[in-house]
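Each chain carries a letter (A, B, C, D and E) given by its place in the written order, and its residues are counted from 1.
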């Protein structure tokens, strides 16, 4: 298991994908927003928490198809299924590796990008906290979607279509935490919901992902 | 050439990718925005043109790696390079096929999605016009990016990173047309700029794409 | 007994391809599968490896005993030869990859990225993976594709050593490997009973 | 003369692999390339096909004459056998694919999706593509991989017919195809002059 | 044996062939009666005017949009547990019908919203959850479409349906939390106080019955088509292999 995690991280770094690019995409989305909606500061401030969460979500989404597709194409997945690793473990590790290479950098970078969108002062800790709590759920859900679409040639867009509605609750609660935090309101309720969703998905979804993957390998 | 276009369209339809999914992604981005930024109608109205343009851009972006990567992986690109088709023609057709399967449906769907974001009435024709003029440029630029990254394993995110800065002028002028149109101002100047960009890219970029592709095949 | 199949029927894409297969492999034995293209050899090997269920009949495979090598080698082109092997070694709980490197003559390529190997060199690396699994039953699908004659010899020697060490091998191939082994020609087992229960279209006929 | 190479040197990934190659192929001639794994056969074929430049020496290939078949077959798994062939036929300006279907015994698979073919059936389809190019010079990289013996015969017959019709073929292979053709063993041409002008590190040495 | 006998495609075809005309006929009758009654023989609402009549399409469609997802969920569970092909195909057949119902609810709602709320669309929780439901339908159908092996497709889509149902419910609560909107609450409770006036209520009931029957008829019809398609495929495969 550790070997798998290490390999996935090594591949992420080596393949030139990994850390840098998820971040770069996040940065670019955040930068493009003012071009799209215009540069008025109050408007940007109002939408800042939402845009940051959306950007994180899209950056996550864009790298989902790397989670399993490469291993499928070169046959590694077949070989892993016949190895002593349980598939539940494989998908969990894959989700973890995805989070470390995509979610974690976003959590760390979000406060910096918040400045670009004039996020109000009290929002920063809440934004970071909500992303730290929410992005693992995004990775786990994404792995489920990746397992569903793994047999299909370049299921990239199908994957997005399947995964995005699943992202809705996480996005709503996450953005709500950041929004309330930025507005100085009490963000406890959505924060708890967010934590609940994350724990629930982490506890249960790997089983669904493994089952689905087993069917796809058949 | 026609055969290539026909094949690409057939593949887009058959692979379950094509028409439907680009649209679906566009829809989803537009739907997610209110979850991120909150449901207040005036706020949504203010950012509607920008969000629609951004959504179209991201939907385009997500399918870029289909343009050339599949043909690269299964060796078709090598074979095409040794065929009588000029590579300039190949990349032009590829861009055209991408536009027909992604850009065109977006143009047609944008007004419907405008309703979701409470786009003001006078904005609709301008939004459609700006997308119709701008999305071909997105496809051509995307093909260039795809040609640049084709050799690299799953260059998906790298591709986004390379292409997004190239998209900035198109996005700025396109969103400006839609914004001015929605606000009842005169959108002529950005419209002309947009048309200029599109014509320029269509006329010149295929040569760059073909050259880059030739190097990548080497 | 490492594998034991009796009256096995298998299907691919919902269509029965082979039926009435019976064979058994114990320690030190090898079985070579032959049959024309499209006969169903790959399908049979995938079934034995546990990747797909059998249609009918019984198939007993010893727990955790299979090392499967498919057409695709499962190599990561961005990792070096050593890294690729070490990864699989630790997945299968083994520690040393030295023997595998030596046996398949990969020592001089050890630090090359797998993506820059030639077709035959990649295949050698894929076969070396078998040695680091420590599993007794090798299930091999056309293992010698793109190998030159010297490498085919290397491979045959590796299989012989594996058998001598109490292993077994089930090999689908079109060429002569120079191994002393039983041969099972699947041609005569072509599925004719289209109504084998369990075929997923069966319910609709 | 369809190809003429004299004192050719080629490199892969910036490293010279073969040098001093001289050969020529006219109508009706075939040349078989042999050499151990990693010798540089694939590199040479890619050079002849015009996909990469030679390092030094001269290589003359008749304009628009090459039909290249690499390891990968360039098949679209979502399209049927017929659609795949028709596409390539129209790219190369040919109209009929019937002869190709018949010659490689693909008639019964004509409406199958390419993705559901077995390894050998895919390869047969990849080879059938050569017939619809209408090009005189076939440049083939291990064309018989995963073919059974009957299909190898089919392939050899197709090559013979092509040669008889005034074509030429340059074939890298590890097995005996049963063709009457000259053989070029590249082993003896291994590049030793690491400073062949044109290697991309050369400027730094 | 009992009820499960009809999970055999052939038995199902035979039985459904007999039932289908009746169901379709009843559906047609109910719809005609309900809609004509509702459109032409009820008074106009004192506040909403004639626009209120759209309720006869809107509410039944909304009802069936949800129920059809429920039916898919049940059918998926049956497939996962007992592996009856008909249930998998019934789930597949219900998806487009449910999606169309969702679209009808959304579109009639939007048409209604224009005079009522002065906007075609508002991010009201109920509207929003329908939009999300629409997305789930879309994803479900796209997945069916993308997979070639029908058994694998049935397996994967039923798991998607399970997971999707959980997340659809979650989204509903999330959306409610996010925005307490304009749309009125459930007024279909048995509690007469909360119900709409009886004059509107009876034709609405008939319409709802009509939509339920229409849904049944369509699903039966589409399931039969799917079964026949599979049959053709099976026969072709057999001929090709022979």
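Going forward, a residue touches a chain if its C-beta (ideal position, glycine included) is under 8 Å from a C-beta of that chain, and two chains touch if they have at least 3 such contacts.
Keep in mind that this is a model prediction, so the values were computed, not measured.
A.B. asks: With a step meaning a move to a chain it touches, how many steps does the shortest path from chain C to chain E take?
C.D. replies: The fewest touching-chain steps linking chain C to chain E number 1.
A.B. asks: Quick one: point me to the chain whose Cα centre is farthest from that of chain C.
C.D. replies: That would be chain E.
A.B. asks: Just give me the whole-number Å value for how far the CA centre of chain A lies from that of chain D.
C.D. replies: Inter-chain centre distance comes to 45 Å.
A.B. asks: How many angstrom lie between the centres of chain C and chain D, each centre taken as the mean Cα position?
C.D. replies: 28
A.B. asks: Could you please state the distance in Å, as a whole number, between where the Cα atoms of chain B are centred and where those of chain E are centred?
C.D. replies: 34
A.B. asks: Do you know which chain B residues sit against two or more other chains?
C.D. replies: In chain B, the residues touching two or more other chains are 15-16, 21, 24, 28, 35, 38, 73, 153.
A.B. asks: Which positions in chain C are in touch with at least two other chains?
C.D. replies: 13, 71, 77-78, in rising order.
A.B. asks: What are the residues of chain E that contact at least two other chains?
C.D. replies: Residue numbers touching two or more other chains: 132, 135, 138-139, 142, 146, 148, 178, 240.
A.B. asks: Would you tell me which residues of chain A are touching chain E in their complex?
C.D. replies: The touching residues are 144, 148-149, 151-152, 155, 158, 161-162, 164-166, 168-169, 172-173, 176, 189-190, 193, 197, 205, 208, 211-212, 215-216, 218.
A.B. asks: So in the complex, the part of chain B that touches chain D is made up of which residues?
C.D. replies: 2-4, 7, 10-11, 14-15, 71, 73-76, 78-85, 217-218
A.B. asks: Hey, which residues of chain E end up touching chain C in the complex?
C.D. replies: So the residues of chain E touching chain C come out as 8-9, 85, 148-151, 227, 230-231, 233-235, 237-238, 240-242.
A.B. asks: Sort out for me which residues of chain C touch chain A in the complex.
C.D. replies: Where chain C meets chain A, its residues are 49-53, 64, 66-68, 70-79, 83, 86-88, 90-93, 129, 133.
A.B. asks: Of all residues in chain D, which touch chain C in the complex?
C.D. replies: Residue positions touching the partner: 13, 35-39, 42, 71, 116-121, 123-124, 142, 145-151, 174-175.
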